[in-house]
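Some structures are shown below for you to check.
Next come two complexes, and both contain chain A; in the first it sits with chain B, in the second with chain C.
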Partner chain A sequence: MKDKSWKPWVLLSPSLTAIFFLLVIPICFVIVYSFWLRAPSGADIPAFQFGNYAKFFDDFFYPSILLSTLRVAFETVILCLVFGYIPAYFFYKTRSRFKPFLMLLVMLPFWISFIIRTLSWINILGDSGLINHLLLKFHVISSPLAMLYNEGAVIMGLLQYLLPFMILNIYVSLDGIDKSLTEAAKSLGCTEWQAFKEVTLPLSLPGVSAGCLLVFVLTCGTYLPPMILGGPGNEMIANLIFKRIIGTLDWPFGSAISVLLMVLLMVIVYTYNRYMGINQIFKTLSNES
Partner chain B sequence: MIRLFTLLVYVWMFTPIIAVIILSFNPQQFGSFPMEGFSFKWFVKLSHNSTILDAFKNSLVLGSCTAVLSTAFGVPAAMAFIRYEFRGKQFLNTLLIAPIMIPEVVLGVALLLFIRWLQQPKSFALLLIGHVVLTLPYVLLIVQARLVGIKKEYEEAALSLGANPFQTFKEITFPLLAPAIFAGMLFSFTISFDDVTATLFWATAQNQTVPVKIFGMLRNSVSPEINALGTVMIILTVSTPFLAGYLSRRFASGK
Partner chain C sequence: MVYRVIIYSGSEDFYARLSWETMVLKQEKDPAFVKFTGIEKRFGKVVAVKKMDLEIPEGSLVTLLGPSGCGKTTLLRMLAGLESPTFGDIHIKGKRINDTPIHKRNLGMIFQNYALFPHKTISDNVAFGLKYRNVAKSVIKQRVENALETVRLPGVGDRMPSQLSGGQQQRIALARAIVIEPDVLLMDEPLSALDENLREDMRREIDNLQQAIGVTTIFVTHDQREALSMSDKVVVMKDGFIQQQGTPEEVYNNSTNHFVADFLGHSNFLNAIVNKKQGDLLSVRLEDESHGLAVPAAAFNKGDKVEMVIRAQKFNLGYRADHVPEQGENVFFGKIVDRSYMGGEVSYFVELDNGLVLHAINFVKRSPYRRGDEVAMTVAPEHCRLLKV
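Coming up: the complex of A and B.
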């Protein structure tokens, strides 16, 4: 047999080259830049010092944004879980002939622009949005309720963005469960609820945890919902990065925040991988098409 | 109970989107309720706005190039991972899928920083390579998932009957893999067409995509024009998978 060990490398070389030059090296640059100094003139000076990190933890301003990012991410995960599990369970149970159509509808938001889905909430929650319009029309209230530009509105936008990810992850996991297991549990005297609690729920946990991780990671890395739907107090860590890089062109400090965000998420993903295995997420993502 | 709850989730998910579509037909100056008639006025106005048309053209070209490049890179890599055994396979697979797990903001910063260090201006090429990095993992996952299901024996049979590896790919593997390649391209196109988080870092006034343009317009307020543009985007991106599904079924049954 001929030695064909070079073959996979030929096939891999284009994408490996691309990822190496366009991902690995640029990320190294971010790490290197995070140690640089910024001259008062705005120029970047090569250096090795931890000033940018010290600045982040200097007073309570930046850490509090980090904490509120984690809080918002946590709240989003919990809400996604509640609003995602029940529809996923419905798909698993239903024998409706509309099931493929309903599944398609869940996927539909993937195809709709993120920015449009985010700004669409202004039409619902704004002073002259749908809710205020209806409430005013039926004289429930006399002046519009302020529902935009707060944390609730930001979470609405995030939920809209992330719920399909959660539903699909849970559904893929539920779909893999042998239905005869719940039948067996019921024939042995379990009620519907007990069968769910003792059999279905534990077996769906891989999908649940994969969905939670994905939602958490994606929430931590986004800045649009806070920017469009949030007020000045609802900034998240990604907004800080955006402002430093695009707004004040403070590359070293922006890089340092990026590194902190990356490290934080890496710790979370690593811990998760350690206990749950990351492959569940990839399995679901490859099913989304 | 479960059914009712699911219904409510659907209502909640789609009300804002439907509101955008309805409001885009509102002739009123402000993009908000109440509806005061029905008109195509804002769509007509959009079609006369040259910067928006440019952004559309940019987005379409960018999305198509991204789709072609991503699949051109992703398909061979997927073949390597599924068909061959080699050292460091697991690690390299993780590396190629890594962009999914890295926050998009960081990807945006990283590539921009690199380009700045190379002293290159922001350009269309930057958008293109950025979008290829963003979409490559999805192509890889989709093609790999399909490739696992294609039996290696078919290819081996072709090879033993005297076909060279290239012929084998062209005649056997590619036709079997085509749906996944097509899905990968479609997915890349949509991701590229919709992306805003990383693209905002890379775009310039000359090289805008539609979402970046919408972001710029939004700074003032939600105008009815944004709703109209949103409607066009929704119809375009939603009809793509349906149209693709319809066409592929037609081709499949046509012969």
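Coming up: the complex of A and C.
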């Protein structure tokens, strides 16, 4: 019998080709660039040295941005989790005939440019934005509240960008839970809340965990919300990279920061997988059905 | 619960005393341990269960049998507390439980798909109900072990549900339900996810277990073989109504309406008109002007339109040429148009001279007949029943 195990790979080949040429090769370029030298004149000189990496750790300024990026990402994950679980659970429980429509609303933001969505927060949170306008009009406050250009505004922008990812991930996980499991738990003596804690919550963890990881990684690489909604102190690591490469055309240093970010995220994803055991949970669940 | 005190008087016999001691608190079974009164359930405009009254005796195994959509599962779910009735009351042990939330009803529930918690070990699954009853940990451990032994799966406590086969999982579900010593055990099509052979084993297992622990059990199924083989009482349902209830023999042999006779086993229906009384039997005129004798299922008058029901297994077949007419026996002549061998028995479709096709099932030993053979089908009047049309 002929070995036909190569056949499935034919189906994968277009995407593998695309990933190779559009992702793997550019990343290799970036890695190569990160070892180059930058002449005072601004020219890039091919070299193999670790000066760019050393520069990053020389000054506490750069690592501090990395740390604050991680902190913002962590905060965003927590907020996304809280605000995402509730609607996802609602979708799981509801028998409403409007459910498909409401699900569509979750996806709706994807139809509008990310930049426009982020910019629109200026009209809501700004000094003459909607909220301040209304509060001033009804004499709740006498001078506009400073809601824009701070970390809160950045997280707000991230939240509206990332919430759909969290909701959908959790929903998919919840939707796979057999409803008779909660019924069984209740028949054995659980209240609704106890049944949620014992059954629904643990079984939705794969979705929660995948959603959290996705939100975390996406936050670490985002630069638009801090650029548009943040103040001078709210820069994130991606803004730094953006400034180095686009602003000062310092490709070697920008590349070095990129590589550092990538390595850091890979370590985080790996450890996360290892200890939160997404793969493990997925395995258990797929055996179940 | 009613206790009856039996006192043996006048005997000094040791054995009599012993039995006095053991029987002094002999329980009398409550005939209406679970009671539905005027129960009705509507989902929007759909009426799933209609004005139903049903009593379930203590310690019995009662089957709710019917095609899908007959309301049997809804009835079970109302008892479990997973649905609330639109009208009517549900009593368990004489106590109205309509407003008792599910977690306080003390019922054991078995689901079609086992519903074991996939993220908990077998022990944790079985211990689940005990944990919420504030049973001490050491006691839980012992009772879980006992329950696992009861379902003949000792030593699997540390495994995960996904590591067990379907039949084993359902036995764990059974252990999980009985370990809490429920007032009533509810089973919603517990065998339908299992394959044929396993289903038979599991059916016997449930039957034996129920007998052994004597828990009042309500079993929902659409499979008549399950219902007939294991129940103390079968409740046949259709369109939200109870069609008939009684022992398996009663509902099978003395079906009181067309639906029950048709749903259980293989029945033949012949239109007839009542002629006259002959002892306990009624003489009727069949469509082809021939006469028949049958047992009336209700009081009929001369000229009433009725339906004569004959079970396919009740016919005796013989070659038409060999037929000797016998007094008081119903006989039908026809030609075999279809024959299928089914292992233990043979199923025949016989076309009568008037075009009607009857279904007969005979044991293989007594069945040398082939397709195209002219046969005489005889059946004793006591195996023919007359039903209202």
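Note that the second predicted complex is superposed on the first by the 252 of 289 C-alpha atoms of A that agree within 3 Å, B and C clash if a C-alpha of one lies under 4 Å from a C-alpha of the other, contacts with A are read in each partner's own complex, and residues count from 1 in each chain.
Everything below uses one rule, namely that a contact is a pair of C-beta atoms (placed from the backbone, for glycine too) under 8 Å apart; a residue touches a chain by one contact, two chains touch by 3 or more.
In this text the structure is predicted, and so the values were computed from the model without any measurement.
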item	value
First, second, both or neither for A:P26, with chain B first and chain C second	first
First, second, both or neither for A:V199, with chain B first and chain C second	second
Which of chain B and chain C A:P8 touches, first, second, both or neither	first
Partner chain in contact with A:Q49 - chain B first, chain C second, else both or neither	neither
First, second, both or neither for A:S180, with chain B first and chain C second	second
Chain B versus chain C as contact partner of A:K93, first or second or both or neither	first
Touched chain A residues, chain B compared with chain C	B
Which superposed partner A:L16 touches (first chain B, second chain C, both, neither)	first
Which of chain B and chain C A:C190 touches, first, second, both or neither	second
Residues on chain A lying within both footprints (that of chain B and that of chain C)	285, 287-288
Chain A-facing residues of chain B, complex	2-3, 5-6, 9-10, 12-17, 19-20, 23, 30-34, 72-74, 76-77, 79-81, 83-84, 86, 92, 94-114, 116-117, 129-130, 132-133, 136, 138, 140-142, 144-145, 180, 183-184, 186-187, 190, 193-197, 200-201, 210-211, 214-215, 218, 222, 226-227, 230, 233-234, 237-238, 240-241
Residues on chain A engaged by chain B in the complex (per definition of touch)	4-5, 7-12, 14-16, 18-19, 22-27, 29-30, 33, 83, 86-87, 89-90, 93, 102, 105, 108-117, 119-124, 126, 128-130, 133, 137, 160, 163, 217, 220-224, 228, 238, 241-242, 245-246, 251, 254-255, 258, 261-262, 265, 269, 278, 282, 285-289
Chain C to chain A touching residues, read off their complex	80-82, 101-105, 107-109, 111-113, 115, 117-119, 128-129, 132-133, 160-162, 173, 176, 180, 186
Chain C contact footprint on chain A (complex, rising order)	178, 180-181, 183-191, 194, 198-199, 202-203, 284-285, 287-288
